[in-house]
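Several structures are given next for inspection.
Shared between the two complexes below is chain A, which has chain B as its partner in the first and chain C in the second.
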Partner chain A sequence: MLSSAATSITVVLIVFFLFIEGAGVFTKKPIEEGFLLAVHSTNPIKKLEPSQVKDIFDQKITNWKQLGGKNEPIVLFRTEDITEFYSDEELGENFEHFPAKIDEYVSKTPGVIAFFSDKYKAKNFHGKELEINKIKIFEFLSGEEWFPTAQPIAQMGVKALIYGTLWVSFGAILLALPIGLAAAIYLSEIARKRTRNILKPLIELLAGIPSVVYGFFGLVVIVPLIQNVFGLPVGETGLAGSIVLAIMALPTIITISEDAMRTTPRAMKEASLALGASHWQTIYKVVIPYSASGITAGAILGIGRAIGETMAVLMVTGNAAIIPHTLLAPLRTIPATIAAELGEAANGGLHYQSLFALGCILFLITFCINMMVEFVTNRNSHKKH
Partner chain B sequence: MTKEIRLAKQKRRNQKIAFGVFQFTSYTVVGLLFVILSFIVIKGISVISWEFISAMPKEGMTQGGIFPAIVGTLCLVFGSMIFAFPVGVLAAIYMNEYVKDGWMKKIIKQMTNNLAGVPSIVFGLFGMALFVNKLEFGDSLLAGSLTLGLLVLPVVIRTTEESLKSVDDTFRQASLGLGASKWQTTSKVVFPIAFPNIITGLILSIGRVSGETAPILFTVAAYFLPKLPTSIFDQAMALPYHLYVISTSGTNIEASRAMAYGTALVLIIIVLISNLLANALRKYFGKKVKMN
Partner chain C sequence: MTIKTKLFLILPLIGMLSCGKAKNEDKGTEDKEGNTTSITIKGSDTVLPLAQKEAEEMMKTDSKVSVTIVGGGTGVGVTALLDGTTDIAMASRDLKTEEKLKFSEAKKEIEKVTVAYDALAVIVNPANKVSQLTREQLEKIYTGAIKNWKEVGGEDAKIVAYSRESSSGTYEFFKEEVMDKKNYASDILSMPATGAIVQAVSQTKGSIGYVGLAYETKEVKQLSVSYDQGKTFVAPSVASAKDKSYPISRPLFYIFDKINAAKVKAVVDYALSPEGQKIVLEVGYVPLN
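Now for the complex of A and B:
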């Protein structure tokens, strides 16, 4: 009794842990723990959005007026800049005068925005600490830059990663669907029983090869091939990912659509043949329409497998977190990001939580895909009764 | 009349072209399998030797063997099966023999399907959050085995359910008719008949577990360990992770390429043997049951 609930319990636990950790992104400030941003005490600005802070430090915003403050050029200040204003002796041998000097510098520079560690904050600090707004879900989803460890402010935009995932997956399905369908038609309708009995287990064997082996094969064969054929500086591209994923999705698509085609009632096929249709006409006018929902289910499951695939994609796509405009450039997917970065992220930190939030997105996508498959196949079984 | 003949000819020609294309693509797919396999076999076979299988890695993993990775993978397979096999088989028996069709069965089925669809990296995240951090197992064989066990649970449940379903209802009716209880029928009649097919499912899951990388990245896998794991709370090396690190981030990628081919070959051999064995068993027992 309890063991039969094991899968349900696991699903619930997965949801629970992913979302608890992932939600942390939206409750924390995107500034590194133990650091603070401060401005001159007369500056009327009290609060800034994470994206505004980033624009300031990227020097896209250069005047406080742009943020609704006074007409005063913004002066950037990071801890290490202090050496430009004070000599080593003034700062002390063990940096013991850091807090006082930072305080002094901030109070005499009206346009300053200073980013420094808490431990350098003087006891009677004369500047004003800025409040940083938390990351909003909308910003998280629509932000274009993924620099979760950037200073002074972490950039958590997953748009590039979502686009990367979708590009690679749809590229894969575009390659795999026609090939998979053709093979399924051949196996279910044309091939003799003996041929089929040999080919089908072989194709299923393709599904058994571990993804890391596909990744390795892609790395040593497909990546150099793409580099040479297209004359690219690097072969690690979205296209390499799509090809590897297409090979991996083929068995899923073939097996499921073949099963669906074989459920076509014999009477329907015979009726079509008896009316003078050729074998081929029967296939594309009777068998394919009849098994359309099964084929759709196969295609959707194939996409699902491609979206969630980690290792193979991680090894061949180059992992550049930029919004792709072509499949011939490096890109980065959600699963690959998690796999590549979780090892370096501090437990419970913002980076760690943002990767769990990515996991939530991935989980939701695949959950929806499963539901779609369920819906499509259910409709099919109603039709039959 | 001539028009009809022309149409008929055209019809036949179209069919020929279409079928030719379909046949060609099917053989291409199978060809892909052979290209991948033969590539790795040809490149890897010269690397494999007794030393490669039985020695520790040396000189930044460019020399020596992969013994600790093989041991680690075997431990993980064993650990995950100890957990997943009993739970999965019991779950399937309960679902198939005891639960009546209804909303509850539907929900459990749906959940099992959903679990099967969860990407392996999400299992990795979950394993890290629950086993490594929350339950404080740390990066350990225990955490990795449990994570992998959850991953194959749906596979075990599905194959077991299918083998239970293939047991003819007349066996159950005969047993019940002789006065056996429901549990006696299940344990003494249904289970023994289905057992060979259940074992087939077990072997398939072993193949799956030994190749998974993403779930063990953050729960157990170590880049390099000078000694073998001695307890379930130790970290371990594992074949798929080993292949990943030496082909992408080793100290000297070019020099360790040969080792990578060898590792890939060993991994493929393990996976293929378990797949072929499962297929052969299925065929063998399939015949045997029919003869009875």
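Now for the complex of A and C:
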């Protein structure tokens, strides 16, 4: 009683912590804290979308005309560029003339877009500060570009990551479930005792291998194999991830479903055989329905491992944040993103919180799957009686 | 049993909640037990292996100094130096204007010592016919404007470009130095480690990637790079990085507060000594002279 209460409290606390951190992302602007974007005072543009700012600084948009402004080439200005226009003496020994010089430069360059800290904004700044909206939940979920460290404006679109996660997990389950079930049936119903005593420990051994080892195995063996078999330019694909995850999920699925199948009462099986059913008919009319809840439990745990797995996936899927249309293309999953980026994200910053928000999304996905399975098994057990 | 279970469950949670805070705490830069000076070095993950090796060797011979080394990236190191929570910041790039301004605001005079050079080599699969590229071509490949080897004088094959993860200093350096600060295309594959890039490039025919000079192997081919629109191409090597003819190289720094100069002298001197420079070569970077 006490231990289950403690477990529940721990889980609730972890979820609470996750969501508190994750929600922080929606209170922030995608621009680095304390920085601003400014244009010349005569520029008619008042507001830019994050994607437009990125295209400007990538020099894909080079004229204000493309954004509905005047026909004026865009001039980029970052704080460190100031040294190209003014000498150190002009800026002052302790940079005391810095704000004035930025102001001067911005007001004499009509096509400028300047990115600098608001500490260096002169008191009577002559440029015009651009408005930047806070990140909205809808934009976060539907954005297609993931550049959390991009300057001056971070691109926080997680659609590609969500799709990547779902594709890989779905592929893994598609591979692991039939193979796992077949193996479980073989072990529990068909194999002799001696064969089972050898095979079962071997399968369970698979569960003990560290995931990095699976990842390396995938990178060295499965990736080149996929590349050659499908004649692809690149072998790091969603399929490679799915295969590695399927191998990792197999022991869980096999062990749990086999245990469930073995609990089928001998009397039920014998009754079925006595009625004239063949061995196979007994398996799929009696054993599988009887152990359905155990099999689903195994499948859920398998899916859980597949969705949440980080290291192995990080190594074999290529991690390109694009929306996948096939399993034969590189993709990036949520767990891999968190694992790869959390180390460098500043504590409490926008990037850090957006990774927590990704964790929330992952949590919701697994939660939904669990609820769905719960619902389905409940309905089934209802039918039985 | 139940109390034990409870403890087991709660302890990691407490640990988790508190570790966020612990990061910001002062590491205790100086404790004068006996005559031991303890020095904290923090910053770039690129410099980390070098600093670590040097510190190990140094502590073997000099028992009076105890060195603690923490990674986290150049930005982390510089911020820590600003806050006074580290004695030396490791940096794989020069200070940004922003950072210089912050130091001058805090009225801190800092000194920057170059301890080694690092060069990035652009690598392709050995089966690739292309053996040289200009900076502009590299930029276009990584921003997604060039997608086929045909466009840069190779076979008709899709270019598969590998990069490091965005948390890596190498990622930022390549972006600033080679890509003119433009963002990577979103279909660039990103790998969690340099070793993984070498492995992937060696087994993928149309691939291109960038790695530190220390990682060169026979399984991949290094490209010569031109920074003057194709007039001269320079192959990456320790020699060409040393005489600065190879363009994609960067100095690695130790940065410290001048007030602390006497305290950190032992570490800095060791890094610049012949033994220290020998370690530079062993770790795979380019020594100063």
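Methods note: the second predicted complex is superposed on the first by the 262 of 385 C-alpha atoms of A that agree within 3 Å, B and C clash if a C-alpha of one lies under 4 Å from a C-alpha of the other, contacts with A are read in each partner's own complex, and residues count from 1 in each chain.
Going forward, a contact is a pair of C-beta atoms (placed from the backbone, for glycine too) under 8 Å apart; a residue touches a chain by one contact, two chains touch by 3 or more.
The model shown is predicted, which means the values in this text are computed figures rather than measured ones.
> In the superposed arrangement, does A:Ile82 touch chain B (first), chain C (second), both or neither?
After superposing on A, A:Ile82 lies in contact with chain C but is clear of chain B.
> Between chain B (first) and chain C (second), which, if any, makes contact with A:Leu166: first, second, both or neither?
Touch partners of A:Leu166: none, neither chain B nor chain C.
> Looking at chain A, does chain B or chain C touch a larger number of its residues?
After superposing on chain A, more of chain A is contacted by B.
> Is A:Thr7 touching anything from chain B or chain C once the two structures are fitted on A? First, second, both or neither.
After superposition on chain A, A:Thr7 lies in contact with both partners, chain B and chain C.
> Output check: A:Leu219 vs chain B and chain C. Expected answer is one of first, second, both, neither. What do you get?
In the superposed model, A:Leu219 contacts both chain B and chain C.
> Going by the contact rule set out at the top, does A:Met315 touch chain B (first), chain C (second), both, or neither?
Both partners, chain B and chain C.
> State whether A:Pro233 touches chain B only (first), chain C only (second), both chains, or neither.
It touches chain C, and chain B stays clear.
> Check whether A:Pro330 is in contact with chain B, with chain C, with both or with neither, and answer first, second, both or neither.
Only chain C is touched by A:Pro330; chain B is not.
> Is A:Asp58 in contact with chain B, with chain C, with both, or with neither (first, second, both, neither)?
second
> Could you look at A:Leu355 and tell me whether it touches chain B, chain C, both or neither (first, second, both, neither)?
In the superposed model, A:Leu355 contacts chain B only, not chain C.
> Per the definitions at the top, what is the overlap between the chain A residues touching chain B and those touching chain C?
1, 3, 6-7, 10, 13-14, 17, 219-220, 315, 339, 343, 347
> Once bound in the complex, which stretches of chain C touch chain A?
Checking each residue of chain C against chain A gives 1-3, 5-6, 9-10, 13, 16-17, 20, 23-24, 72-73, 75-76, 96-98, 100-101, 104, 143, 157-158, 160, 165-168, 172, 180-184, 186-192, 196, 199-200, 203-207.
> For chain A, which residues are in contact with chain B within the complex?
1, 3-8, 10-11, 13-14, 17-18, 21, 179-180, 182-183, 185-187, 190-191, 199, 201-206, 208-217, 219-221, 247, 250, 254, 278-281, 301, 304, 307-311, 315, 335, 338-339, 342-343, 347-348, 355-356, 359, 362-363, 366-367, 369-370, 374
> So in the complex, the part of chain A that touches chain C is made up of which residues?
Counting only chain A, the residues touching chain C are 1-3, 6-7, 10, 13-14, 17, 54, 57-59, 78-80, 82-83, 94-95, 98, 117, 119-120, 145-151, 160, 219-220, 223-224, 227, 233-236, 314-315, 318-322, 330, 332, 339-341, 343-347.
> Write out the stretch or stretches of chain B touching chain A in their complex.
Within the complex, chain B contacts chain A at residues 11-12, 14-15, 18-19, 21-23, 25-26, 28-30, 32-33, 36, 39-40, 86-88, 90-92, 94-95, 99, 107-108, 110-115, 117-126, 128-130, 133-134, 150, 153-154, 157, 207-208, 210-214, 217-218, 240-241, 243-244, 247-248, 257, 260, 264, 267-268, 271-272, 275, 279.
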